[in-house]
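Next up: some structures, all given as structure tokens.
What follows is a pair of complexes built around chain A, which joins chain B in one and chain C in the other.
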Partner chain A sequence: MTAKVIWALAQKELRDALHNRWFLLYTLAFIGLALALSYMSLAGAGIAGFAGFGRTAASLINLVLLIIPLMALTIGAQSLAHEQEQGTLAYLLAQPVTRVEVFAGKYLGLALSLLASLGLGFGIAGVVLALANGAGSPAAYVSLVGRTFLLSLTMLSVGFLVSAFTKRAGVAIGIGLFLWLAFVFLGDLGLMGTAITLRLPVEQLLWLSLLNPLQVFKMAAILDINATLDLLGPAGIYAMQEYGAQLRGLFLMLTVAWIVAPALAAYVRFHIRGDL
Partner chain B sequence: MIEFTDLTKRYGKFTAVEHLTLHVPAQGAVALWGVNGAGKTTVIKCLIGLLRYAGRITVDGCDVQRQGRAARQRIGYVPQELAFYKEMTTYDMAEFYARLKGAPAARIEPVLEQVGLSEHQDKPVGALSGGMKQRLALGLALLADPPVLVMDEPTSNLDTAARSQLLQLLVQVKQAGKTILFTSHRIEEIEALADEVAVMERGRLQFRCPAAELAPRLGLRTQVKFILPGHQLEQALAVLQREGLAARRNGVGVIVEVAPGEKARPIHTLRRADIEVSDFEVE
Partner chain C sequence: MMELGARCVVKRQMSKHASLVAKMLLLLIVAALTLPLHVAASGQVTSQAVAATTQCGHVSLQAMIDDATPGDTVVVPAGTWQAPLHIDKPLTLEGQAWPVIQGDGSGDVIRISAPDVTVRGLVVRGSGISLDREDAAIRSSGANTVIENNRIEDALFGVYLEQAPDSIVRGNTIHGMELPISRRGDGLKIFYSPRTLIENNVMRDTRDALLWYSPYSIVRGNDFATGRYGLHMMQSDHHLIESNIFRNNSVGVYVMYGTGFELRRNLLADNRGPSGYGVGLKEASDVLLEGNRIVNNRAGVYSDSSPLQPETAVTYHNNLFAYNEIGLEMLPNTQRNRFQDNIFLDNGEQVNVYGGGDLTHNAWAVDGRGNYWSDYAGFDANADAIGDLPYTSKSLFDNLAGSHPELRLFHLSPASDALDLAAKAFPIFAPQPRMSDPAPLMQPPALPDTPGLTPPPTAINLAAAAAMVMLALSILAAGTRRRRRQRHTLSAQAA
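Moving on, here comes the complex of A and B:
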């Protein structure tokens, strides 16, 4: 595996992403909404609750939960499938490169493009907050940026997994959108329904929630800002009592598992694929 | 230089290539000939590492399945279906593939010059004509100056002029000492470029022969289509048939079937009869 080849592929992915209309649209939407939320947070900063950076970070959690998974899933889902559909993947693999280099280069390039997009969105909102003398420590805000990037990587890995199993970009995007719906809405509603119907014990409810990387992100982000999960109800109170200081490590471990496992599965599938 | 030893490729129950053993000598040019579905493209895909297979393929001693990168470093590949990043400029595309191949950036301009694309280096690849794209594919294949050139139906999607232009380039590449393996179903291409032909049928190698012997051995005929002035069509048909040529009318022209080495014969016959040939096409 050579770093030069991986970097050449990553740079190409980064450049393609910056020319991709959908990618730019997602980025602009994220920047616009982040600015709007920053403005609204500032407007209410003196009233109650979080102030300045902390308050904005809290407002941004829900925005991140909606937009970032959609963005990362769709670009991940297109990654390999689009190139296969165009025939460019076979030509690429006919060069003196290995499949692991192609996979790593594409993953790195798209991860960097997500980082660039998030950097723009959070950066512009952060500058506005700083210029407007937003009160409070920026630590919660910076922590949210880091967690958001990790969340985007989990969804990018899931997107790659979808892409490795599909030959057509349209199908891959469709599956990506379905998964986005499942993670964002069906996961929450399904969990609530299951908990009520089966009268699940609180520890099972917590662990079922932790199966969804978006829930992991939400709990971790709330914990960073609020220092407790009590506002999440019985499952949050149980988590704090049972795991306490270990929660941050647990959240990080689960997030890393959600990044590595789908990416690894996607690579294995890509490596053994013979129909290119 | 290239050794296929007992190559077999199966897709489920279907056998695409069966027990192929073939040697392509260094600086030699071998054509794979066969109808669609004979297994020619499968052989090429196995050679460049796109398909897994049973048997063994080596390029300059490097095993394709075990030393894939080393084997592909020795190969320049021109695919049948050109698949490029259309938004990239010609130069950027060459630069991208040069980086992947580990070729110095200084090679890019001479190679674009060689394939006649210097003036088009700032154009997006999507804006190039079919012939230019095919020449770009050849240029990309030559970027790292590999000893082996592998091509899958290199002229199949080109018009007569572009085909002739590319063929001239390929002859120069051959004269420069490259080892060439290519698939084709065009007898002119094989006669111009190949030293030897390996004839495949249903995944099996039927026989090998010198390129010049292929047409007589298979009883192949070339069709030459002449576009002629309407008022001379009947006269042309009569003259050609009187000369013993298999000629028949086709719309605004006449089609003549000749042996591959006799394509000029009907032209001379028509000229002797003072019949003006507006255009002609060889198929």
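Moving on, here comes the complex of A and C:
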């Protein structure tokens, strides 16, 4: 396993991403929506006479929660399945490269293309915000971008896992879309219903919701911007009082676990599958 | 008592009935008793006052105060002076170049028990830490006390006025002790001291600035931060609170049980925590909030049973509610509140009814003019700057969160938006509106200035955003630029 080969394969992925219509569509949609949201939130920036990043950040978090998992899941789900369906994976593996190198190269390439897409979306929106004095502290904005990137990696890993278990790209994307629905809507709605009917105590509600990497991202982003989780009501206040300064570490740990575990499982499956 | 070689100056005002000769004699006797003779020669006589310069090493500050006659100005030179001090006659105690009055860590540092005492230009530190005795840096029980331009540090209670009416607390800096909030004292406690003026003070790390049974007091131009309640008024009526900054407290201004409050042009920002409010109103009647900026608090204004007195109102005029988690949090028993020309800008939730219910017994527009709501989605066909459709606050998720507060955990989740969307699409779920502004403004009204506004760091923000775009472009460039070399690498591997 050499870095050179992995980088070469990653570059190939980056190039493919630029030719991938899904990827271009998502990127353009993300840039467009981020710009539109920033522009709309600027309506009030002048009146407050104040560095405020409240609602802009909130709508950006909302946008990220919707579109980034969709983007990363579908791209991840296509990754191995698509190449296998096309037969290019067999061709690639016939080269003197190991399966680790192929897997790592693909992951790195797709991760970088996601980072590029995020950089463009947040960057262009950020220029608009900064010019109109609508942005708050630069640290909050940069950390929001960083956390979004980590979120996209968790979803990319889950996408790879789906891809490793399916042979056809269509099926993989279908499963990816269902998972997106589950992560974004069904999980939270189910948890809300459960909380109301079973009268879950706040600490259980908090921990159940932390199983969802999207919720982890949301709480971490709010913590970065507001420095507290007051916004999230009793559960947020409980989290602040119970874990306080350890929350950031906890969020990071959960996120890394969601990045590493599915990616490892996907690699193991990819390795032992053997077939092409 | 500390001994000092510094020069102490006592300026004596001529009392109206004392003769000049008697004054001179007294002075000479005092000088002769304590000091070498040559100093007496430097005594200066003017038509108005007799001033004596004395070399007063070996004399404590308390002894100088005891020696002074009522109406004197005791000038305290630089240095460290041991306390406690007790001032029991009308005097002016004036520091030159910040002398330090050092308490011994128990009880009060300076205690004033006479009217017409002025304490100015001192550094007062080292009170006791007993909450039972309420140990204070400066405690006064005399009318017309003036506490001016002092620096109070390391004190449990800062300035404590106890039955000291018509006093002035002005231009002081008060720093509390490094204690957990439950063991701190009040930076300012004004107790049974009506008509007190509290002006241009800076207060940090204490519990409250407390006004208790001290009607007609004025609080103006202060900066109170990092305490529990920035300003806390209890059972105290008729106050003007003007041009202050209340920041990073648990509650900016808490008004409890009283009548007649005017809050004008204050900045209430970043007041957070479990009960973080910009302004809290509890059973307060006849309240006017005008031109305040209420920004980035957990709840901008929290209102419970206000106004309490019948025939009175709580009036909100021309305030800014921006970036709070909840703009306005009211208990359903809140009635007779009047809102006009306020700006509700991008609060997480503009108006919340605590515990569910509605707020329809309040006037959300006065004289056909309502408020500006940043999430208003109506139109203005007749171009009179007033929206043709009423602004209503109804959201299924917000209603749910009102009765099940733990569900706020899902705030900002797409799932909570989906719930609201479902409520719009299938009106069977549609919640009852909690309030309705019949005449919402299309454009935000102009606001008066408040202290403490800071512009955002535009240049750094711009640089950060530009760096992100550059990063993205360089990643894309890295992927496309080296096509030839990559092929080369692969074929080399193949070979």
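Observations on the structure shown:
We adopt the following convention: the second predicted complex is superposed on the first by the 265 of 276 C-alpha atoms of A that agree within 3 Å, B and C clash if a C-alpha of one lies under 4 Å from a C-alpha of the other, contacts with A are read in each partner's own complex, and residues count from 1 in each chain.
We adopt the following convention: a residue touches a chain if its C-beta (ideal position, glycine included) is under 8 Å from a C-beta of that chain, and two chains touch if they have at least 3 such contacts.
In this text, all values refer to a predicted model and were calculated from it rather than measured experimentally.
In the superposed pair of complexes, A:95 makes contact with chain B and with chain C alike. Once the two complexes are overlaid on the shared chain, A:5 sits against chain B and chain C alike. Of the two partner chains, chain B is the only one that A:86 touches; chain C does not reach it. By the touch criterion defined above, A:255 reaches neither chain B nor chain C.
By the document's definition of touching, of the two partners only chain B reaches A:19; chain C does not. By the touch criterion defined above, A:152 lies against neither chain B nor chain C after alignment on the C-alpha atoms of chain A. For chain A, the partner touching the most residues, choosing from chain B and chain C, is C. In the superposition on the C-alpha atoms of chain A, the part of chain A touched by chain B in one complex and by chain C in the other spans residues 4-5, 8, 12, 95-97.
In the complex of the two chains, the chain A residues touching chain B come out as 4-5, 8-9, 12, 16, 19, 86-88, 90-98, 274, 276.
By the touch criterion given at the top, residues 4-5, 8, 10-15, 17-18, 41, 43-44, 47-56, 58, 61-62, 65-66, 95-97, 109, 112-113, 115-120, 122-127, 129-131, 133-138, 141-142, 145, 184-185, 187-189, 191-192, 195-196, 200, 202, 205-206, 209, 214-215, 218, 222, 226-228, 230-237 of chain A touch chain C in their complex.
Considering their complex, residues 272-274, 276, 293, 295-296, 298, 320, 322-325, 343, 345-348, 374, 400-401, 404-419, 444, 447, 449, 453-458, 460-473, 475-476, 478-480, 482-483, 486, 489-490, 493-494 of chain C touch chain A.
Residues 48-52, 68-70, 72-73, 75, 77, 79, 81, 83-85, 87, 96-97, 99-102, 144 of chain B are the ones touching chain A in the complex.
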